[in-house]
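One chain, chain A, appears in both complexes that follow, with chain B as partner in the first and chain C in the second.
Up next is the complex of A and B:
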């Protein structure tokens, strides 16, 4: 009855041990951070209070985790049942992406023991965009684990997923589409209050919509990336025709994104800012080139079906979204004279460690749990 | 159930549009709790007149004394064993809430002149009328006193530093070097003001450059000063706007502008100067605060939670139908 199967195979492979080593280094640095303060491992300052950890671990991490959201939207809202086999692997990347992003907030927040105040009516400030983000991300992590629970039930419970879980799953699925819609857009709104300290190429009242569309493109990009990646390293057959269709959806979203992005710049009269040569402008051009390249790649018809161009396109989209977030939060942010930021080695090592934990969990899960679509032997 | 699929998609996209803010750009109501029009009549503030400041830093010393803040030494001084002998921080920090800075140009011979001249500037929290730190903070880590309008930090802070991203003047300072950090900024000596006292800086200033008073009164005083002709004699009050003790002296050529009157919705710390404000490091800000833009967008999207709830209902309906279809398909394959 079950159309998902564990992939099987050894867990403690060489790459796995390398990842474990990176995770260990990060763990030691994290202890240092809790003993001696955030400044002891990061280059953060009062001018650049948010750095690599917030932008990569939280913003990019959750956007990479939008695969589950993006596929759920197709399957359950637009009723495209053919994508159903992609849901579980997509959900799994989402579960890790979001869980680790949520956990990494504790590292970055100075007074973590007070985090619960965000959910405490006496202190929660409804004017703060961050309260909305916090509530939605925290609840979404829980929803994701519930949505993902059938994989555990099928493995460890006789009779598989309990009927009541199945019966109410639609509620969780619905909430699971609503919450990312809310917080991925709010992750853009967060920067509106920075006002003119954020460079006009990025500061706009449309930040919420742009961040939402961008997160969706990254969600589809991640699903394509992950399918191709797993087919190579886990020696699985390619789901190329489905991925091709998915890339068409992604491509349409990229067009919509660019229309809003440039339409807004023209409307605000900031389009000419691009031509004042400088570092910020170059980063802007790079960010958008990374969107335009996959669009061209995917437009060239005969190349469309090649796994290589699909992989390149998906990677470019993921990079573009990553850069868009780095630009909005760091490159375009100017706190004034004399402040600089570039992440310290320890800061980078902690982020690498978090990514390693994610990859390790991925390998364990696909090998041990029924997640990947079963291979059809005809 | 026969709900037309097209209608349903309409509901969905309406909800989605509302939930993500495509219609928010058309709302321009300001939702901030305080604005210039609703500021309490008892709100207090400081008028800093850079033309009078002699750069003696008496205010810095007094600030440290009345707030119990430690002295600060540079890394170089610490390396050479100089510690606690004098205070030498060069900017606001977790130990310094109030800083006198200097602008100088060329030969720097004449005070209050832009070219070949110099000027002092006192930097501290502006006590915004629409404080970005307070609006941004998720956990009420900064609150604005409804009566005095003074913005203070509270222990409920979770250390996320969103206030530092939000503050247009780059004021809050976070203890990056502590395992149990706090956030620091000038709190206009609220502990003294609440018992009828005067902030340390105004109390100690010998030249009348910093004076304390009700916001309305200091604004009136500032307007009077910028209307004076250069060289005209004027009786400057010394530590509060109504101080009996006055210093009579000729005025400088003021720039005809009160910094802080309108910046980002206005501030309770206002500044006068004879040299352009930008060269003193004060940011040029639009009158409409980013706070009101941010709050307007956020509240339009989430007004009464109507859009999210509408979206959720649509989504639940759709998900219900699709999951049923999948389950039926699954059951059929089992029975076959």
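Up next is the complex of A and C:
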């Protein structure tokens, strides 16, 4: 199975240095956060205890990291072997997305020194959705690194991946498919608890399902986006035929998502809320427009095979999922009179730094480890 | 409901109070009602059942009069004063008449050789039967010359009288462990009674009633307990009666809810101080001092130091009162307060700042730009592929 190859090339390029600079700024701010507390860096308050770090780094970060989950679902559950070449790059984005999401939790929890209690059965509150998410995400990070380990073995071990790892890999793949199903839906359950503090356009008992479908669409979107974007920056040939098929899967999921989304709004009789013009309504329209645009783009036959419209659709889907999470957790959330929240500059810089670290790691891994499918020279 | 209550609570029986005693009460101007109220209050202080009040009443009115010898050493007579100046002095008079107070420097009308003779006669007559009350510490430096009565030093007096008593009550912080005279550098080497007894191998039970002054109700309760049950109350490791010294002041303090909520007076006269918030931060020693002040209050006028706005200075606790600086924060044995408390008025956050808007805008612009460039490249690339 040695059909993956390192891309090669120089590591310390100009974009890499810019990213490193951004990561350095974030690192300094993180030190400040640990020395002077979370209030010195963020605009978080009792009304808005979850801000940019939770919504972007954890919710959006793990949803972006659903590529590995979405492709594994296709390859191993629906037995579509043709997508196998995509699995390693997809797994890699998952590894970064989840690992950094897990790490950013430590920044975001005010009393981080109590975090270990979650894994201590004596102290864990097993009825809490948050514990479910935390334990699930933590174990999934480990599972992802195990799933990703063949890349390291092939690089550094003579004879590649050891046989026992190969033999038991199916166990980890199975758990690796189960875990995201659990926590991606639980991330939606978290906001059901907010009750009527969440605007009716977003508050529904279907939140877990909507979050799960949305995470899957984002997973496929991320795989398409990553493949196309890397072909531009790393000057690689396009994998159009495979991406085209993948986009069809994504498109179907988008339809399912919209049916549930609007069906639920009609069922609850909240559909008319959209027409009371306001900021929240505009955000709702923008969020759904970003889902409808790629659907239309992908329906037009001759556009379907165009890498540009594939790229735009994937970007729109990623943006839509991001916006859906921001809307559910921040825009649609109103903790009561007088509370305001917008991330502070340092908060944004830390998130930017985390994204930079992710991109830097991506560049290093792709260039040094056998991740990308080997280029077929005909 | 009322039936059940009547069943469970025994009726007080004050019939046994002897006629002789009722006459005595009348001559002292005490009504029967006042007398019963006093007995009930003492029973409550001792944490004894309601019915115990009638037992107290009985023993007060009985004719046995135990001898009490009250010695004063290095002290300010504050404990005696607080006992005499409680708001129902007539009842205290009663107690003093009930016991045979054979010797007390403050209360004796006699003086000089006359009163010394009374002391010696009484000690010899009642050997092993009298209660010795000691007020004040005993100086040991330079052979104890700092305190002399009837040409004898305090050490000599206690060595003579101490072994002959049935029990010794050390009233006030001075007698308990040296009190204010024992604070650094303790020039007279002031020492408490219990330590003196240990030093000179005097075998006698000591009941310490620290406090500056000791709460009058605690001494009355000890004496009445002894008279009623013919034994001494249960004592803790520092020989203090458990009924009075088993709870931290902090636990029953009326300002405790403010402590738990994080509302503190930061300095005298500030907003929190005027509002009656917790005095912990200005040095209240309540969290490390064991005494029943918050429950029985002082001087029977319904107040005590913390109530008037002054932090407890730990007078009843050895190693706290007269040793720790007045405004040093107390060590806390039970719940430690967090380093920082939430503010009363929480910051509710503010909207978007120009800086954050600029950063967010730049990032959004960069992302859109990068996306557009990638899309453009992809367009070109697909053309190349087709060619």
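Heads up, the rule we're going with is that the second predicted complex is superposed on the first by the 377 of 378 C-alpha atoms of A that agree within 3 Å, B and C clash if a C-alpha of one lies under 4 Å from a C-alpha of the other, contacts with A are read in each partner's own complex, and residues count from 1 in each chain.
The working rule: a residue touches a chain if its C-beta (ideal position, glycine included) is under 8 Å from a C-beta of that chain, and two chains touch if they have at least 3 such contacts.
Computed from a prediction, not measured in an experiment: that's the story for all the values here.
Because the two structures share chain A, they can be overlaid on it, and in that overlay chain B clashes with chain C. Applying the stated contact rule after C-alpha superposition, one finds that A:348 touches chain C and leaves chain B untouched. Of the two partner chains placed around the shared chain by superposition, chain C is the only one that A:340 touches, whereas chain B remains out of contact. When the two complexes are overlaid on their common chain A, residue A:308 makes contact with chain C while staying clear of chain B.
When the shared chain is aligned, chain C comes close enough to touch A:229, but chain B does not.
Looking at the superposed arrangement, the partner reaching more residues of chain A, out of chain B and chain C, is B.
When the two complexes are overlaid on their common chain A, residue A:17 makes contact with neither chain B nor chain C. Shared-chain residue A:45: touches chain B and chain C both.
In the superposed model, A:28 lies in contact with neither chain B nor chain C. Of the two partner chains, chain C is the only one touched by A:238; chain B is not.
Of 79-87, 133-141, 205-213 or 259-267, the chain C stretch that intrudes into chain B once chain A is superposed is 259-267 (criterion: clashing C-alpha atoms). Where the contact sets of chain A with chain B and with chain C meet, they give residues 44-47, 339.
Only residues 342, 346-353, 355-356, 359-360, 363, 371, 374-379, 381-382, 385 of chain C touch chain A when the two sit together in their complex. Chain A meets chain C in the complex at residues 43-48, 228-229, 231-232, 237-238, 240, 306-308, 310-312, 315, 338-345, 348-349, 352.
Those residues of chain A lying in contact with chain B across their complex are 1, 34-40, 42, 44-47, 49-50, 75-77, 79, 81, 84, 108-112, 114-115, 117-118, 120, 122-125, 127-132, 134, 166, 169-171, 173-175, 177-178, 181-182, 185-186, 189-197, 205-206, 208-209, 212, 333, 335-337, 339. Interface residues of chain B facing chain A in the complex, by the touch rule stated above, are 12, 16, 19-22, 24-25, 31-32, 92-93, 132, 134-140, 155-162, 164-166, 168, 170, 172-182, 264, 281, 283, 285-286, 289-291, 293-295, 297-299, 301-302, 308, 311-312, 315-316, 318-327, 330, 333-334.
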